[in-house]
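Structures follow.
Two complexes are shown next, each including chain A; its partner changes from chain B in the first to chain C in the second.
Take a look at the complex of A and B:
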């Protein structure tokens, strides 16, 4: 039985928009071909919907009503002061900044100097140059069947292309700031490509923030590819902090870990109406370590989804995941975590935990922690819990004279604190907590 | 867990090559023609002398089934089933419908004797199994005998085959049939609704504690037949019943389909305990033959303070596709699921449970232990959900897997959906080898390595074994081949 699939309005307009803007999108002829292929693939796949198992809890066909106009070569007037306002607590960090506004790299707003050991370029110029790097970029996306990623490949305008030299230890974190500004709502597609050489050490922070007064609606599609070389150490943080009422963010992290690599990733998501954060990690060398964690805060009718797939394809690797969600009003949190242990991946050690804290009777938390194991000498486990604020703890605080509002804040802070603590860099962890406190204070 | 000798030995015991129940009974049978169409359904219905509404119900289910597609989401692989190439009805010629024991074909009695199922009441009384168990024996498509009927009826308990219930108590059947598993619930449930031939029916009246364990023993004997049985258990207010189910089939190189539907209904303050030891023929060591066990089992805690508990030991079948579930509709109701699933050879198990919390203050507990060996795939798939109005729902889930050898797979796919903040859900799952620390500790106390492993493995499945009724414990012990060290009971 075959059913003719009706295209939704959003699917049609994503296709139409592509036809309109594809001439303006940066890239050599090879890149243009790859874009066209990706656009065709998207047209074929359509937006993911709940009949697809991985998208069971997040139905983009139903929730993405329309495609906003595409931002290409945006040149919104901005100053460094604006960037500082938009970055909020992150502005205090002593970091090497790369600033993008509405999907376009802005040299004048970024750190002017060079950072020793780091080669940093913007994606638009790399795509246009037709260098070797673009080949790698295209081949990586061409085999992917993910509609969201296909959309990214079709539309990607700009981002960071960073190479950390072998053995380099960057003295400052690299902060890639994606700013949303201006009254016009728009759709942006970013792609960051980061290659960390063997034995190098780096901290990368991606920020998705908005300037006060920015349109309340916005769509962004972000993809970050990271290749971690043998024995390299990477600390990766993503802060998505917005204030709008109709913000959709679809993001993909694709991470490949070399031998004895040590990678830790953290994601903070708040103030977004619809977020889908996908993380794909592949172990490529033995004895690598992975530590993923995250915090998501939602209220109103917000919907935040974290979906990760960790593929243990080689022996003796270790993975840890810890995700915590705080859900208020009618918001919905989703966590899907799949750990695959291939037959040869003996001595794998995997632990995963997802916890939901529901603040309102109408909030919802769906979690699906999955284990797929083909090797026998492994230690894998997962846990999932969901509950409301502990009444005993509230009573204890009350008995010590702490007013309920403050007690609530304290308990929530300590709940998410466990995940934030995973961020080793103290100033970054503090900035994350400050964002979270800001969210809590709004209630 | 890596290969440890004693454990491997124990799992070998239940290995596909050593299937003890693989014999065939040579008995003449009456079969409906092959294939599935309205006429076959009419034939089955007529044969059973069913009321007109039942036939309509079946035909409606058949119409719906025709529009449905086979589910493919489970982690099992098998060649497409040709539903036209099956006999949907087969009955031993001499025993059409249950009779008194004296009239039952001696060949059949011998079969059950061989299987270790006592059908003669005096034998049971003589203490063959220690405790009294009433048995409904289902052979291919029909129930051949039900024991202890009189004694049960004194207590007001109705225990008979479902065909008999349709004759004698049509009002109860009509009231409850299909209310837990609707006829269009899923592909196999719809198929079963259309062609089910027999099964057990239990009604426990208000306030009665069923005086003995009830049990059904399913046996597939005939070639190229599918077995489609339907069980309906109703526990009226304040009653209690414990029900056991066992099954075996001959060794054949063809795959046979077994698509059953079990519906449990617990009214206010009632409790149903349902235990299964599933030991259908699992196929040979190359994965040839064996039963496809595609079963829909669901319990409805309809009344307040009701309780339904599922316990299953899954060792047989080439493919198992089975999710005994509880709908916790009544306030303060409770659902439990205890499972041991052992797979070996080329067996594939995709099993688990659903706990659907709808009423207030409902609680549920899931304990699942999977042991995979050989080339088998063992998946736990489960859902725990709390509806918006299910205030104070509680769930605790634990699923552990043990792998023996590296050609098999163990998977865990839990879905946890909380739609209210007052729900407290906890879920944990592990897959691991036996910890060296534990082994060291045991050995340091003077146990040999094998003894230590046995002890630890016992501990691994103990939570579930404890839930089994005494009568099944012996059989299960044999099945799993793990000594219980007196820790159970």
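Take a look at the complex of A and C:
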């Protein structure tokens, strides 16, 4: 039985926008074909809605009302001083910067020098060149059925295509800065493709930030693929920190880990109306380590969803997840953590924890841990908590003269601190805490 | 001066009265001890002074230097000089002891109209006060009270008291869980704070603590009321006879 589903306004707009702009989107003929396939795929799937299990708590069909105009070849006037303002605490990092404004790479705003051991190109050039990278990009996307990723493939304009050479230890983090600027609200689609060679070591930071005075509305669709080579070490951070009132971000991380790889990923999400952060991790080689963590801060009617799928497809790997949400007013946090331990994946060591801190009786935290274990010799556990600020601790602070607003800040910082501590690089962890403090101070 | 007048207290959202008409006056510079059996309402009295909202005052008042404490939030009471050393000091994971101390001290200084301390000034002060209490500064870099032994927690309470310089110190069973050496250190810390400007209310189950912190007056609290008051010798008498007398009288 098939049921004809009415297309929503947003779905129709996404299709119309594609017809209008696809000629201007970068890419060789092969890329253009892949884009068309992805657009068709999206048209077929539509926006995910609550009747689809994975999207039960985050109904895009209901919440995405319209598609904003697509940003192609943006030329907003900007200076490096603007970039520094937009990056906020991340500007202090001694990092190799790649700057994109409204979805387009801006060479003149990026670090001019090269980083030893890193080959870095912009996605638009790579797509146009039809180089070997393109093949990998298309093949990976084509077999993926996710509607959000299909939308990304259809529209992707720019991003970082990076290759860290085998054995290279990058002295500075690579900071991929996605800036939202200008009064015109728009839709941007970024794609980063990163390959880390065996025994290499790198820190990658993605920042999604906006300039003061940027349109209060915006839609971004971001996808990052990282392949971590054998014995390589990657620290990956995403900071989505906006200040608008109608900001939507749909993001995908697709991570593959080689033998004895060591990958840690952290996501900070705040100041967005609607976010869906999807993380997919596949273990390709034995004895690899995965550490995923994150902090999400929401107020008003904001909705932040973290959905991850970790696939233990080989034996003897370790995975850790720790996600913490602070939810005020009528905001909603969602955490879905699926850990698959395949039959062959003996000696898997997995632990997951999600914790919500509700600052208001109307806030909501939905947490769904899912463990699918097919192997018999494993150590796996998960936990989820949802609490209010500890009244006794508030009293303890008060009895020492600490006023309630400062006590609240102190306790919230300590709550999220446990997750932020997972970020090994101190300056980066400090920048994350500074973003979070900025959010707290706004109340 | 602390004046507790006909204080009646019950647990919020319950009807059970805990304190049934307490009258107690502590003059400036005096140290009073409150002794009593378990469940007599000693800790409730301590909490109600500090402003814990699990309790409800149904009658009476608490005046501190002529002002009612009951209208004040806990942090306002602290600014007015009230300090409660907890029987069970709380652990705050993720907040370093030094951060906590500095936040509290500077919040109080602001409210009392003093300049905030700079980091070097603050560190100098903490080092001086913690040395007197035999507290290693490394311990204060760890989260507040997390993983501390019973004795360490109590010493850390007294350190807070020494730093925040209250004028009304309420010590709730500060001796519980302390061995003899720790008891001596803590008592010395408390005695060092005795001054003509500072009033103290020492709550304890045992007379032992009062050998170290010698009170001006001793009160027996049982069944929510002060049953007897006297000099320091009353504590010794209780050590002999126990609290049975008061239990019976109340029943």
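Please note the rule applied: the second predicted complex is superposed on the first by the 441 of 443 C-alpha atoms of A that agree within 3 Å, B and C clash if a C-alpha of one lies under 4 Å from a C-alpha of the other, contacts with A are read in each partner's own complex, and residues count from 1 in each chain.
Quick note on the criterion: contacts are C-beta pairs under 8 Å (C-beta built on N, C-alpha and C of every residue); 3 or more make two chains touch, one makes a residue touch a chain.
Bear in mind that the values here come from a model prediction, so they are computed numbers and not experimental data.
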Combined model on chain A where chain B meets chain C, clash or fit: fit
Touched chain A residues, chain B compared with chain C: B
First, second, both or neither for A:300, with chain B first and chain C second: neither
Partner chain in contact with A:406 - chain B first, chain C second, else both or neither: second
Chain A-centred angle between chain C and chain B, computed on Cα centres after superposition, in steps of 10 °: 70
Chain B versus chain C as contact partner of A:393, first or second or both or neither: second
Which superposed partner A:414 touches (first chain B, second chain C, both, neither): second
Which superposed partner A:346 touches (first chain B, second chain C, both, neither): first
First (chain B), second (chain C), both or neither touched by A:371: first
Shortest CA-CA distance in Å separating chain B from chain C in the superposed model: 13
In the complex, chain B residues that touch chain A: 1-3, 69, 73, 388, 391, 401, 403-433
Parts of chain C lying in touch with chain A, wherever the complex brings them together: 50-53, 73-75, 77-79, 82-84, 86, 89-90, 92-95, 99-100, 103-105, 107-108, 111, 143, 160, 164
Chain A residues within the chain B interface of the complex: 1, 53, 343, 346, 356, 358-388
Footprint of chain C on chain A - complex, ascending: 391-393, 395-404, 406-407, 410-411, 413-415, 417-418
